[in-house]
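Listed below are the structures to be examined.
Shared between the two complexes below is subunit A, which has subunit B as its partner in the first and subunit C in the second.
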Partner chain A sequence: MMKILVTSAIELTAAQMSKIQKAVTKKYGSEAKISTVVNPKLIGGLTITVGSRQFDGSLRSKIDQIKKMLGEGTIS
Partner chain B sequence: MDIQFPQILFQIINFGVVAGALTYFLYTPVKKVLDDRSKKVEEGQKAAEASIAEKRQIDELRKKIIKDAEKEAAKLLEEATQAATARKKELMAKAKEEATANAAAEQQNKMDEVAALKQTIKSQYADAVVAAVEKIGMSIDKKVQTQIIDSELDQLLQRIA
Partner chain C sequence: MRTQNHHDSTFASLIGDIAFDTTEKEVGTVMSFGDGILQVDGLENAQMGELIDLGENQFGLTLNLEKDKVGIVALGSAAHLEAGSQVSRTGRILSLNVSDEIIGRVVDPLGRALDGRPEVAQGRLMNLERIAPGVMTRQSVTQPLQTGVKAIDAMIPIGRGQRELIIGDRGTGKTAIAVGTILNQADQNVICVYVGIGQKRSTLAQTRQILEERGAMNYTIIVSASASDAASLQYLAPYAGVAIAEYFLDQGKDVLVVYDDLTKHAQAYREISLLLRRPSGREAFPGDVFYLHSRLLERACRLNKEHGGGSITALPIIETQGNDVSAFVPTNVISITDGQIYLEADLFNAGMKPAINVGLSVSRVGSAAQIKSMKQVAGTMKLDLAQFRELQAFAQFSSDLDERTKAQLDRGVRVNAVLKQGWDTPLKVEEQVVVIFAAVNGYLDVIQEKYLVQWEKEYLEYIHGQHQAILVSMRKEQKMSDETIAALKSAIDVFNRLHEEWMLEA
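On to the complex of A and B.
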């Protein structure tokens, strides 16, 4: 059975849950189990963990990327 | 005048005996002594000449040895001088090389310090920007949050599919 964890900055709406359910069922069948977690530290957006793979669509990761780019860029 | 032949004969015989006795007892030993002395003198002279010749040879040898020693000393002095000059050049080149390396290392250290300082400034700048963005992010309202989730969700589901 495939386990799917959805972590979001705020609680997902019913429409959003439905969308996720449809996509997961299409990909993995009806045996996939979806669980949700709210984590304000993501600031915004969400992450989806499928098995050992993580798909990150959070604002936190984008801010981290900006921080890394600023750290590696040149200051004129 | 009466010539008496027996007396003349006796005198002749007498003279012969005396002459013979003198020759035997006096002349021969004296001659032998003189001959011996003469021989000794001659031998002494020969020995003296041989000794002079030997001394001359020794003098020649001594002069040759001194000359060779002087040549050898001059050669050693020349070699020592050359070695000292070469060593001096070597030490000077090494000192110059070390001084250059030290200067280069010093310059590299300064450049590294500048680079580290730049990196610190960049990090602090990045931290300040991120802190500002986080502060803004924390104040996003629910409606906007939902829109953000909708936007990201579509992209994520495409990647999962």
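On to the complex of A and C.
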């Protein structure tokens, strides 16, 4: 049985949860069990962890990407 | 106002370039973290020797892959981690970024700047672990690597692409020889990499200052994992050094790498292996401590023309305890390298500096890596010195010596004295040849022992001042023609006559 962890910045509404449930079932079959965690550090968006694969759609990671680009990016 | 707008638009375009897709990464959870070793759950597809992102710009290295967990060595303190923290794969096998701008910099084994200047510009990602060049890509060693030290260049010559071990007790001048060699590469078209493993930062700062003052940083890179750095970084430092060297090797250049020192490297690896609970063997070293050094030193090579013709020369340093060259790690490295320079504390304390024991030192490349002029003068020097040493022991017990023995002893003393040298005064090969020529051909026999050092100094000044042509012709032809030899002989005669006050009582 697949264990899937959904981490979000704020509490998800029932409508959002059912959307996620549908997408997960489509990809991993009905055997998937979803557990949720709220982590304000994400700022916005959510991350979905399947086993050791993590799909990171949080605002935090996008901001980190900008930080990295500005720190290392070359200005032409 | 115009600059403000300019900045705004560049920022706007930078930000516009960022792709805000959902990223996918592989993560794991820290189950335990202690003594720099993390046990991580997850990371199912982690590869051996892969860099793991621990967060806060810290990285770890996978060293143990097990069925249900991964053993990761933290490359740094990683003090922010706790049980339950998340770490992720970078997908990058351990590598560091090298570009031409790395010359003159001081970096850590991951390529991060340690000299307070900006990070090294993007270049190639060089893997720290790389398979050594194969048999068919290599060429035999024929070009000399001039160390500037008379004793070495004359009797234990080093060639480009060779591995020569510098071995001795603490405080015998091992680092001095290595740094002196780096100083001598100023006009030799050789890039130098100095790897400091487990050294005191104060020592490294001093070394760096000396290199800067003498302009050596224009062709030198320093890789440092000092004594207070994690054992994992000390373990990686030599591989980082040779990875940087390989960047230049691939461009067809000649590189010199100094590993100071591999004893501390083996100790750091022992520390990590014991913490990873790998079985230990002799002297508590893990079973693969030979492989640790052999795979490092095998990457020193001289490539043939089709592969660029570049070379990496390695000067590993090993510190012995109580002159014991039959200890575990010293015997390992001696069997790997193409010869050793053996430094003795007794010689050092007796005033013989560099304290090289010429009898026990060897270079397996030998005269194949010497230019003709040096071969002409130094050919019999090693034999003469060996005979002198035997005579010395004998002469201590008998006061009645025949003329011939006495003469041989006196000659030996003078040739030996000529080998003394300041560690930071490397000599060009032409200068070495004229000095050794004078010694082995008896021109010093008439000079008193106590004036020998002064004689050499003023002699070189004299040759530079009045007979520059001799040096120039030697540099050009790489050998001593009959005219050069005749000119040199008369020059020495003249010089000796100028300094009657140094001569022995007739």
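Operating definition for what follows: the second predicted complex is superposed on the first by the 73 of 76 C-alpha atoms of A that agree within 3 Å, B and C clash if a C-alpha of one lies under 4 Å from a C-alpha of the other, contacts with A are read in each partner's own complex, and residues count from 1 in each chain.
In this section, a contact is a pair of C-beta atoms (placed from the backbone, for glycine too) under 8 Å apart; a residue touches a chain by one contact, two chains touch by 3 or more.
Note that the structure is predicted; figures quoted are calculated from it, not measured.
Engineer: First (subunit B), second (subunit C), both or neither: which does A:49 touch?
Structural biologist: Only subunit C is touched by A:49; subunit B is not.
Engineer: Looking at the overlay, does A:57 come into contact with subunit B only (first), subunit C only (second), both, or neither?
Structural biologist: Both subunit B and subunit C are touched by A:57.
Engineer: Would you sort A:3 into first (subunit B), second (subunit C), both or neither based on which partner it touches?
Structural biologist: Once the two structures are laid over each other on A, A:3 reaches no partner at all.
Engineer: With both structures superposed, pick whichever of subunit B and subunit C touches the larger number of subunit A residues.
Structural biologist: B
Engineer: Let me test your reading of the model: by the given contact rule, A:33 touches which partner, first (subunit B), second (subunit C), both or neither?
Structural biologist: After superposing on A, A:33 lies clear of both subunit B and subunit C.
Engineer: Applying the touch criterion given at the start, work out whether A:66 contacts subunit B, subunit C, both or neither, answering first, second, both or neither.
Structural biologist: Both partners, subunit B and subunit C.
Engineer: Following superposition on chain A, which residues of subunit A contact subunit B and also contact subunit C?
Structural biologist: Residues 55, 57, 66, 70, 72-73, 75, which sit in both footprints.
Engineer: For subunit C, which residues count as touching subunit A in their complex?
Structural biologist: 10-11, 14-15, 17-18, 20, 22-28, 42-45, 88, 119, 122
Engineer: Using the touch rule from the top, collect the residues of subunit A that touch subunit B in their complex.
Structural biologist: Residues 8-10, 12-13, 16, 19-20, 23-24, 26-27, 43-46, 48, 50, 55, 57-59, 63, 66-68, 70-73, 75 of subunit A touch subunit B in their complex.
Engineer: Give the list of subunit B residues in touch with subunit A in this complex.
Structural biologist: Residues of subunit B touching subunit A: 118-119, 121-123, 125-127, 129-130, 133-134, 137-138, 140, 142, 144-146, 148-153, 155-157, 159-161.
Engineer: Per the contact definition, I'd like the list of subunit A residues that touch subunit C in the complex.
Structural biologist: Residues 49, 51-57, 61-62, 65-66, 69-70, 72-75.
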